[in-house]
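First subunit A sits with subunit B, and in the next complex the same chain sits with subunit C.
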Partner chain A sequence: MLKRKCWLSFVLVCVLFLIGACSNSEGDNSSTAMSGDTNGQSSSQAQEIRVRINDDPDFLDPHHATASISFQMILNMFEGLFIPKQDGSLTEGVAESYEVSDDGLTYTFKIREGITFHNGEDLTIDDIMYTFERLMGLAGGEKLSNNFDNVDSIDTLDDTTFVMTLKEPNSNFLYSLTALQSAIIPKSNDGKHNENPIGTGPFAFVNYSPGSSLELKKHEGYWQEGLPYLEKVNFIFQSDDQAAVMNLLANEVNLTGIPGHRVSEVEGNYNVSHQNNNSSLIITFNGDKEPFNDVKVRQAINYAINKQDIIDSVFSGYATPIGSNMSPAMGDYYLDGLQEVYNRDVEKAKELLAEAGYPNGFSTKITVSSHNDIYSSIAQIAVENLKEIGIDVEIEVVEWGIWLERVYSGRDYEMTTIDLTGRPSAYEVLNNYISENDAENFFLFDNEEFDQVMSDVLLESNRDKQIEYYQRAQEILNEQVPAVYIADYQILWGSTNNITGLKSYPFWFHDMKEVKFE
Partner chain B sequence: MFFYLRRIILLFITVALVSVITFAVFQVLPGDPIRTMLGTEADETQIENLRSELGLDRPLYEQYFTWIKGLFTGDLGNSIRFSMPVSTLLMERLPVTLSVASIALLIVLLVALPLGIFAARRKNKASDVVLSSVTQLGMAVPSFWLGMIFILYIGMNVDFFRINGYIPWTESIQGALSTLLLPALTIAIPQVAVKFRYVRTSILEQVQLDYVRTIRSKGLPEKIVVYKHILKNAMIPILTIFGLITAEIVAGTIIVEQVFALPGIGQLLITSISNRDFPLVQGIVMYITVAVVCINFLVDILYSVVDPRIRLR
Partner chain C sequence: MQKHKKNINLLLGSGILLAFIGILIVSFFYTPYDVNSMDIPNKLKEPSTTHIFGTDEFGRDIFSRILKGSQTAFLVGILTIAIGGFFGVLIGGIAGYAGGWLDEVFMRIMDALMAFPGIILALMLVAVFGPGIINTSIALGIIAVPSIARVTRSGFVQQKEAEYVTAAKLIGVKNYKIMFKHILPNISSQIIVALSIAFAIAMLAEAALSYLGLGVQPPDPSWGRMLKDAQSYLINSPWYTYAPGGAITLLVLGLYLLSNALRDLMDPRSK
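Coming up: the complex of A and B.
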């Protein structure tokens, strides 16, 4: 008994010591934590930003990544021969200058000197060759992209001159030379591009913890003098929009997308900026199925749906109406006025429906993904609108994975709603509707003139004439309405007041290069 | 000895059964991991390349047996979504979930037990009635709602608490507590309510028994009656409910981690299911299975410690 008591008191003493030790270290840590906090508040010295992102990247290897959410982050680490600009045009990046031969087949690039990778190595012509050999599957591996199927050969002339020869002229070719499609990566990092990505961009990879964060740091040897300003960029993954707003209010993040209806809570104390996202939010139909194969039915639905209601109630007004698959964010390429064509007109809708042989309407189903609330909200408004012209629509909500499998790639659907993400090139914004584009034409749109316009534009090197082609393509979409073109909804960014240098692009990119805390 | 052997065999059978069921469910579920991951921007080449790279184009039974073979060598395979070994992902997140669960369990123990004894001793007095009705409320509150209320009213107002992410213990103990305390409390409160009622009832049941009357009439002080005799006898049902509660706490972390954006196993489970990341789901389900079986095992052993009359058979 006595023995046991001794033992017990020994344990007790040990525990006391432990608690003492803990509280000691607590004291130490609290002081470090405190200083950390003050850093976070007076971030003007710290130059560290925390940006909230909805989801993890699919890959960090830029040649494997396809999701736009990945590029939103990793474009800070990588550069291509060209760099996309805010207005959708291109500027020279890793390539200092370039020439195109008269037949439009041979592209000669002068590689910029003095570029270093994040690991300190100089960029050489071998790395450029390696990058394109890897993408095209010339170096033994499988080909990683279809973008270079039109490339006949690649070659080097000397240490700074790189040549690509095409099979057929393609006026859109330069757009496949940005970091979105062909980020330049070092040969020496072969086999480790996903675990330890290395590029030439303004920020270098530090750490990735799945489901939690992606940390980047300043690339000291960046070729653009004086940039970037930030020392550290931390992308924090959080899927819930509501929680993200709270995190902004609690200063846990410095920049986040916020839902339109919560703008009033952050306005004043935080900067709220909106950006046309260059996406096309559409309600679309399966063009192969009756009655949607009849253009009159599609037009009737266009007249019946109240786009302004959708913009007001789902996006709190923060959206720009569109009339075809292009947003005003595309600048010159965008054809203005089409958004007025299908102003709501229930009588006209009924007439068109009757002409098409459905005077009493019909029943159908709209399949929407559950990964974002906006889709089911849009569907609900559409259902009410269509009821007025006698079309009875049932809403089916499915998981994102199922939507992709069944609707997007399986084409087993009647109606659906989705936003098509923006790309810097007008060609890629519109090429979804080319009848031969099996992968993306899930509307099953098949229009000869459209196909013709889209193949002609690739042969045209004059920009003004290209614009004419692209605008004609938009007119065709507006006449044939393979979808109800609703709006380009704006992304609302809430950010801490002292951040400057945020830029918006016609595609998803959180460009941190010129961001700083004042 | 035989008891332990049987338990281990049982563990293996459970794991095997659970793995077959998860695998089967995953084959039935619509949705394709590759497409979910790559989204609408992927072209067919990328999809097909990735599929063959990950071995998802092989026959089902082959995929399953590769996985089982890996399990025996301690290799849980690679996550599809994160292109990383499942074991690395689990190891990174295990500390978070275990911390939340242990703190929650500790809170339940420290609050429910004394409170239950207290209420039982004051049966039908005002304090007992108040406690019983308050706990009724505690049981009815869903934990996701409680979590959000905590974030809104405590997390946003009290500087100490952080409402996002996790700070490892090794970095700062205070930091870890600031991220873990609220989630643990969220899980603990409904459990405290349940546990309190169990403790109270099982003590009240003992009080009516003959032996209590005997020792009382023998003149033993009330303290000894309650703590030495009644509590000891009431321990068996309390232990049983403990096993169940621990399992519930493990399950509770799944919801709470989502609410507090804690990078734990539960959050990983939700991500992996919506991404159809089969190897990762399988890995997590294995962890949960093993954890629950082990807890039950522990409870069985504790039975014989508390009541030596119970033999482990």
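Coming up: the complex of A and C.
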């Protein structure tokens, strides 16, 4: 009797599965119909956008935040003296105009009048002073930024004139005056910048629910007339890419990144835009450890790895091959042709490995983070490629926090793979490799000529000459290969059809200023 | 009638298990393709005569990986019941045979372990000791201990009052000899049933842990991990999920049927 019940329940479960499968497909149909409706009704739609973000911000205080993902959101709340543009150049923001003295040491800024903070207070010169004193640790607190170590003094001439004096000329200095490095914040909010962030940007802070969402609303007193269009911006945290696609299909979010292989599911019903990320996806080595301290070994690995396979498999083809740490998204600064240097050549790789004294290869380990599957996918392809030249690689997958601690800060690794996110300035794209940049040079790359080029470029004020320096720096990276430069992968944004005004930048920023629903 | 049904369970269960053991043995000598060799231009190809279960996102042959994945599944299963069986029988045996405060202490510890959701405990252990097949097996083995210990203990409690035990005691046989030479063989059938259930649970849990990225590490194939990888291609390449999903379901179903049949066969009351 009991047995019969067992079988009966088994059959029942099967039937339930079938019913479930049927009702699912019906559900799909109705939801597509629904999405059609909402698209049709869009003209009456409230100007509220829901944007999916992979993860929580690390800080809301712009001077403490370091994660690219934080700035992707909070740059909507803050502005610096300058505002980065889509092509990587700068335009005047809180500063209306500026002058540089002939010796390149004194910068004089005229502060724009009529700017108000989100709390309604007018921006004054005191707030500017407060911001930089806070960053430089002049007001007693700890120093929050290394960007201003070269600043000798800051001062005010009158109510609208702000002066910074440098110790040495630095042609890249203006880039440290955007909201990425020095967001202007009000003195009156001292001590509460993380709990209740206030800035001068187009959107004001409303609420932050950890693990759930960050809510922003329109800053009514924004100094750029007529902007922004949206009333509300809601950043919703969803770490799972697959679920995010479902959220978009269910109209729970209006904008999300989409994995390349799922583009075909949303194309047609949704807008899909491609953004060159300006990141560099790399497989890198610990330059202090044998055998990776030998340039021939690094070059051999470069010849062995099949970049096109990685691009096709992991990014479904949506990526641009690179030959050094810079992506074509950097425009004039980018040196074209380097991406062709290490075309796959297994024989040459074997030769180089033999010359380096490893004719039979060696064993090593690649440590990758688990926070995104792309890293272990890339590692798997690399392992197969390197097997062909006799290098035996074991894959170790660790959590993101452990990766940061052990690999990025601790430098206790042999090989790893990661993407370095883009920055607006060419200098910052390349400065990771300066031997004295302890914080970021986790490849432990140490090359005299590279260091020299990177310090010379700061003294050069002529843009064409700067470009020459930056291109030489890229050549050095390509010769010395502290990493295998794979690609700048594109981020594919899927958005509801009726959204306009989305902009892409050479760094992580969801600019909502000019976005609206038609 | 009753007898006939039992035979169906036994036949189906052992048939499925034997088929998988066959697959396991074959996988040591032969797979149609190298399990890790990639062929990216041919990625995500539908099942065909060249790749009977299709290819994955790196162009690897799914059939070969399913074959090889059986090694992972059985390795985890066997290691788990080895660990769980050894400690479970030891703890259950001592608790049941000695009785008294030792029984109380051991069984309360087992209760505490059992009260904790198994998969969470496994997650915690793997997070502490790092992912990988051995650590996963150890974690799953620890989880298997309490249920095996309980079965063993109740067997010992029943048997220790039996006449042959009293007789052995009277002629001066050492306690450990009585426990493992005299009593254990008499309750082995119950333990075997418990072990076969533990085996099935271990396979499911391995699949779950690998699915969460904490079990077997890439590139070695594991059915759970394949299922996870297949998930992101569910809409465009649904057939990718069939093979790993089917393999896990079938094997676990087979083990459950077999353990059910074994229990019925060995249960004196059903005779």
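Following the convention adopted for this analysis, the second predicted complex is superposed on the first by the 474 of 518 C-alpha atoms of A that agree within 3 Å, B and C clash if a C-alpha of one lies under 4 Å from a C-alpha of the other, contacts with A are read in each partner's own complex, and residues count from 1 in each chain.
Basically, a residue touches a chain if its C-beta (ideal position, glycine included) is under 8 Å from a C-beta of that chain, and two chains touch if they have at least 3 such contacts.
Note that this is a predicted model, so its numbers are computed, not measured.
Model built by superposing both complexes on subunit A: subunit B and subunit C fit together without a clash. Once the two structures are overlaid, the count of subunit A residues touched is higher for B than for its counterpart among subunit B and subunit C. In the superposition on chain A, A:Ser376 makes contact with subunit C only, while subunit B stays out of contact range. In the superposition on chain A, A:Leu420 makes contact with subunit B only, while subunit C stays out of contact range.
Legend: residue contacts after superposition of the two complexes on their common chain; A:Glu265 is shown touching subunit C, with no touch to subunit B.
When the two complexes are overlaid on their common chain A, residue A:Ser101 makes contact with neither subunit B nor subunit C. When the two complexes are overlaid on their common chain A, residue A:Ser313 makes contact with subunit C while staying clear of subunit B.
In the composite built from the two structures, the nearest CA pair linking subunit B and subunit C is 6 Å apart. With the contact threshold set out at the top, not one residue of subunit A is in contact with subunit B in one structure and with subunit C in the other.
By the touch rule above, subunit A contacts subunit B in their complex via residues 22, 25-26, 29-30, 32-33, 56, 58-59, 64, 66-69, 142-146, 194, 209-213, 236, 238, 240, 243, 246-247, 249-250, 252-253, 371, 399-402, 404-406, 408-409, 418, 420-421, 438-440. For subunit C in complex with subunit A, the touching residues are 2, 5-6, 9, 36-38, 40-41, 43, 57-59, 131, 213, 217-219, 229, 231-233, 235-236, 260.
The touching residues of subunit A, counted against subunit C in their complex, run 3-4, 6, 241-242, 259, 261-262, 264-265, 306, 309, 312-313, 370, 373, 376-377, 379-381, 383-384, 395-397. Note for the complex: subunit B touches subunit A at residues 30-33, 35-46, 49-50, 79, 81-84, 89, 92-93, 151-152, 155-156, 162-166, 171-175, 258-259, 261, 263, 267-268, 271, 274-276.
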